[in-house]
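The same chain A turns up in both complexes below, where it pairs with chain B and then with chain C.
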Partner chain A sequence: MVKKRTWASIYLFCVFVVLYLPIFYLMFYSFNKAGTMTHFTGFTLDWYKEVFSDKRLIVIVIDTVIVALLSSVISTALGVVGALAVYSTKRRSAKNALLSLNNILMVSPDVIIGASFLILFTLIGIKLGFVSVLLAHIAFSVPIVVLMVLPKLQEMSPTFIDAARDLGARRRDVLLKVVLPFITPGIFAGFFMALTYSLDDFAVTFFVTGNGFSTLSVEIYSRARQGISMSVNALSTLIFLITLAIVLVYYFFSNGIGKAKSYSGGRRV
Partner chain B sequence: MKKISVMLVAVLILVLVLAFVAAKLTGSTTRAGAKTLTIYNWGDYIDPTLITKFEKKYGYRVVYQTFDSNEAMLTKIQQGGTSFDLIVPSDYMISKMRDEHLLLPINMKNVPNLKNVDSRFMNLSFDPNNRYSVPYFWGTVGIVYNPKMLGGDKITSWNDLWDKNYKNQILLVDSAREIIGMGLNSLHYSVNDTNEKHLDQTLRKLKRLTPNIKAIVGDENKLLLPRREAAIGVLWSGDAVEIMDENPELTYVIPKEGSNVWFDNMAIPKGATNKKGAEEFINFMLDPRNAAKNAEYVGYATPDKAAMRYLPKKIKNDKRFYPDKKLTDRLEVYDNFSKPMNAKFNELFLEFKMSHH
Partner chain C sequence: MAEKMMIQFDHVTKKFDGETILRDISFDIERGKFYTLLGPSGCGKTTILRLIAGFLEPTEGTLTFDGQLVNKIPPNKRQVNTVFQDYALFPHLNVFENVAFGLRINKLASKEIAPRVKEALHFVNLDGYQNREISDLSGGQKQRVAIARAIVNRPQVLLLDEPLSALDLKLRTAMQFELRQLQRRLGITFIFVTHDQEEALAMSDEIFVLNQGKIEQSGSPRSIYDEPINRFVADFIGESNIIPGKMPQDRVVSFAGKTFNCVDQGFNKNESVEVVIRPEDLELKQRGEGLLQVRVESQLFRGVHYEIIGKDEAGNSWMIHSTKSAKINDEIGLYFEPEAIHIMRHGESEEDFDRRLESYEGADHD
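Here is the complex of A and B:
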């Protein structure tokens, strides 16, 4: 038994090394005086200075985060409604049709989605920029949220709803007090998936950016012709650290709430 | 439910805070209500301080956006959606866009600094009389090599690459026009030669280079060459500058048979809403001090003759990147080929690549 566990931890360790090593490699060279990723010649903070002096880059980072947050909030709302709709569809064939339509959006290549959005936006006269990027991101995030929320709904026993209705709950109460709390983990998972998809996306975003509005992935990609400067490493390091901080805060925060709840719950009993 | 509302409120507050910070940041660089000038350029291809300087001097608000390839830029211009005022396409793209009526003629009355541009780089085949474009940066196709790894050998010509001692030492850039052009040049034909017989001969000659070729690569050559993975690379001078920055052992040569010379050019696309601003910007960039500053930042060669005065000696006297007239006379700009001719070149290149494996 003990042996099994050591093997498991060795395996886990290796996986984490593979996942994190490239990130640390990149972070390490963000302090390199030579400005390359090949040999380390000395410690410098110049690249960080460069990041903070490049106002345009910082604005792009902020814009990227704003788009990601807004699009994932909106697409989570839409996706939850969508998942509820799919769940409550009674006819099997209709349900399958809805799900397949959702999945087609998931698997169709980003390039095609991006190009069709570009054509659509220019056709109906939406100026390329913040709004077009936001709309496109909402559109490709909704199917993800649906897919994350739906299993939670299916997991939920229908007897919950029946019981609630029997006990006199109105439809609204059933939704707010029974269904939503049950699927909350799915909603959060959907939200965070949408967030990462939006932060990551290059292909769709590339087509619909314009008028000076750009996101980080598009900007970094267009800098690649000149070879990526170490300031991009510095920026990545900063973003990694901020993400880490957010995850830690979230962890303590949610742990704190969880503990407080179970404690008071215990007292009540 | 409470969790969800807490999260929602937190996210919205964060968005508001970020939006405020972003507005502050953009607001501090420009005045509100100023006329905008939208520039579409290659990524990291301008000294950012020049944009601020331009904004201060002319009172425009510059909206700056970047692209990574001529084709991507073309798609955006064709689609519309954004009205760009100034773009920086490469030479062949200028003639292509001109033929598709996507460019506006530049009013040179607003660009008095045009006189600063070296006459060698004016009135070129892709834009006769510079009706639609003004050169921004230029460079060549050539050979980067590491003399130390070749036992002190000096490479001066394309034909040197066929040397039997350089087995498995050469990295070629994965681009049909450049490599077929190299083959044509090595036989003392023009890079724009389309004679069927000459092309056959070129293909046969290129196939004989196979034993010396280590790989045909894209951007990786910028990593492989400084690391001494190969001794010789055929590539663009812009990449060569970066490679030599990383490993000073390497040097660059423009082969004596001749080669290609390329230009990135400032142009005004159709649908520009601030044409006058674009012309003022072109003029501003041709100012000798600004052109020199930009060339130092980007590392490519400026076509601005007057700017030479303000460039450090080390840069302007570097014959490898600022070759003299004797050499530039032997360099050629690529003609804009018809579609079938492009296909023909790609086919030849493919056949050559197949023979490599």
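Here is the complex of A and C:
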């Protein structure tokens, strides 16, 4: 028994090493004086200084965050409405059709989504840049939010709605005072998923950006192509740390909600 | 009289996807009484409650409250509250907020809400539970919160859908008593749904016995128990011996190859009938005494009484409840009073049945 467990831990350890080693390798050389990733000659923060003095880069970071926040807020709103629509669809065939349409968007490759958005935007004459990137991000985030919210709705007993109606609630009150509070954990999960999807999207953004507008992933890609500068490493390190912070915040959020209101999933798990 | 008649079902039919669930149901609910809808699972009890609450609309017929047609009035506009079978308490709200839900929806001032919630919780013996979370409550406590959440709105009618079925036997019996007390104190109408006949007999002013979407019989627990209209009701309400018989003349019935005096009349000469005698109305006698001779086939000790099964000379089985025990294969005598015999006519409607009973119950008093 003990032996089995040690083997399992060793395996797990190896997997994590393989996954994280390149990242730590990259982080390590972001402190390298030599400016290469071959041999370490001494510690420096020069590359970080370079990142922070790079005005263009700072603008891109801010743009990336703005696109991520805006697109995840809007897609969360749309996704919740969508999930409610799917939930309240009575006809089985219609419900399945809606769900399939949603899932197809989830599984289709980014390249195809990106290319088709490029075609769409050029067709209807939307200038490539901030707006096109924002629209594309909203579009690929909505299905994610729907998928995170829908299970919460299905978990909700339909008698909650009956009970609220019975106690005098109009449809609006039922939605605001019963349904939305119940699915709040799903809404948060959807929001954070949309946020991370938007932050690290490369393929779709690569297709639909233009006119001098860029996001971090696209920028890092183009810089890395021009020749490796350790400022890219420094930037990647910063992004990694920020992502880690978001994951931790999300973790505390979902745990906190689960604990404070230990209903449905909370208790049973 | 019109004042007292609160809810009226007039030839109500309910169909789901073309399948008839309730057939041409008519009944009246008066103010301030405890009603029970009793019937086996799937007979349409919940459907009737949902029609009253407004979650469903009748397919045909009319539903009126105080003479007003309410077929299309939504549930939030009805002076009716429901205690749901699964309680349906809101998990994101604590006990206080659950009970206050209806008051907040109706925009009562918070000054008034707190005392009303307290009062409601007091009514269901949950003083001091305001700040508990729903997930921390036991089944019985959830039950009480659900009742408090409904009565805090001071409804005219409280609907309870099998509220006790999830509780264990002891708690269930205690809650039966409490619910009956609560109904008396509040003075409002309770419509209670159950498939448990003992529960129905113990609690109700009036029982509606339902079967396959139809009301088989309605009346006080006593009258339904003593005078079931047909085999279904007799079987469903308690144990009974149902024996085929004939009515040679008024107040005389023959079955098991013998004739007996009874109190029923108004039958055609020699009409075939079904005879009902409750097991507890049969008295054990020595062999050769009593009105009927049976051979004991089996005996079970039931705690309060013995349940004895015997067979008479004509081959009918008799179930006897007695505090005395018998010996298997012994011949024993059975005695019963003429009043213990109840005669059921084949396929009689409830109206005819009531009219017939009234005719000779009136005559009895002369």
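Definition applied: the second predicted complex is superposed on the first by the 213 of 269 C-alpha atoms of A that agree within 3 Å, B and C clash if a C-alpha of one lies under 4 Å from a C-alpha of the other, contacts with A are read in each partner's own complex, and residues count from 1 in each chain.
Note that in this section a contact is a pair of C-beta atoms (placed from the backbone, for glycine too) under 8 Å apart; a residue touches a chain by one contact, two chains touch by 3 or more.
On a predicted model such as this, the values are computed, not experimentally measured, just so you know.
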- Query: Between chain B (first) and chain C (second), which does A:A164 come into contact with in this model arrangement: first, second, both, or neither?
  - Reply: second
- Item | Dominant toucher of chain A (residue count), chain B or chain C | B
- Task: Give one of first, second, both or neither to describe whether A:K49 is in contact with chain B, with chain C, with both, or with none.
- Result: neither
- Query: So, does A:L70 touch the first partner chain B, the second partner chain C, both, or neither?
  - Reply: first
- Query: Which holds for A:K33: it touches chain B only (first), chain C only (second), both, or neither?
  - Reply: neither
- Examine A:P181 and indicate which partner it touches, taking first as chain B and second as chain C; both and neither are also allowed. both
- After lining up the shared chain so the two structures overlap, which partner does A:G212 touch, if you call chain B first and chain C second: first, second, both or neither? first
- Message: Give me the intersection of chain A's contacts with chain B and its contacts with chain C, in residue numbers.
- Response: 177, 181, 184
- Item | Complex contact set, residues of chain B against chain A | 1, 3-4, 7-8, 11-12, 14-15, 18-19, 21-22, 25-26, 28-29, 38, 42-45, 48, 63-69, 72, 76, 79-83, 219, 222-223, 226-227, 238, 242, 245-246, 298
- Residue set of chain A touching chain C in the complex reads 157, 159-160, 162-170, 173, 177-178, 181-182, 184, 261-264, 266-267
- Item | Residues of chain C defined as touching chain A within the complex | 53-55, 74-76, 80-82, 84-86, 88-93, 101-102, 105-106, 133-135, 149-150, 153
- Residues of chain A defined as touching chain B within the complex: 34-36, 38, 54-56, 58-59, 62-63, 65-66, 69-70, 73, 118-119, 121-122, 127-129, 132, 176-177, 180-181, 184, 187-188, 191, 206, 209-214, 218-219, 221-227, 229, 257
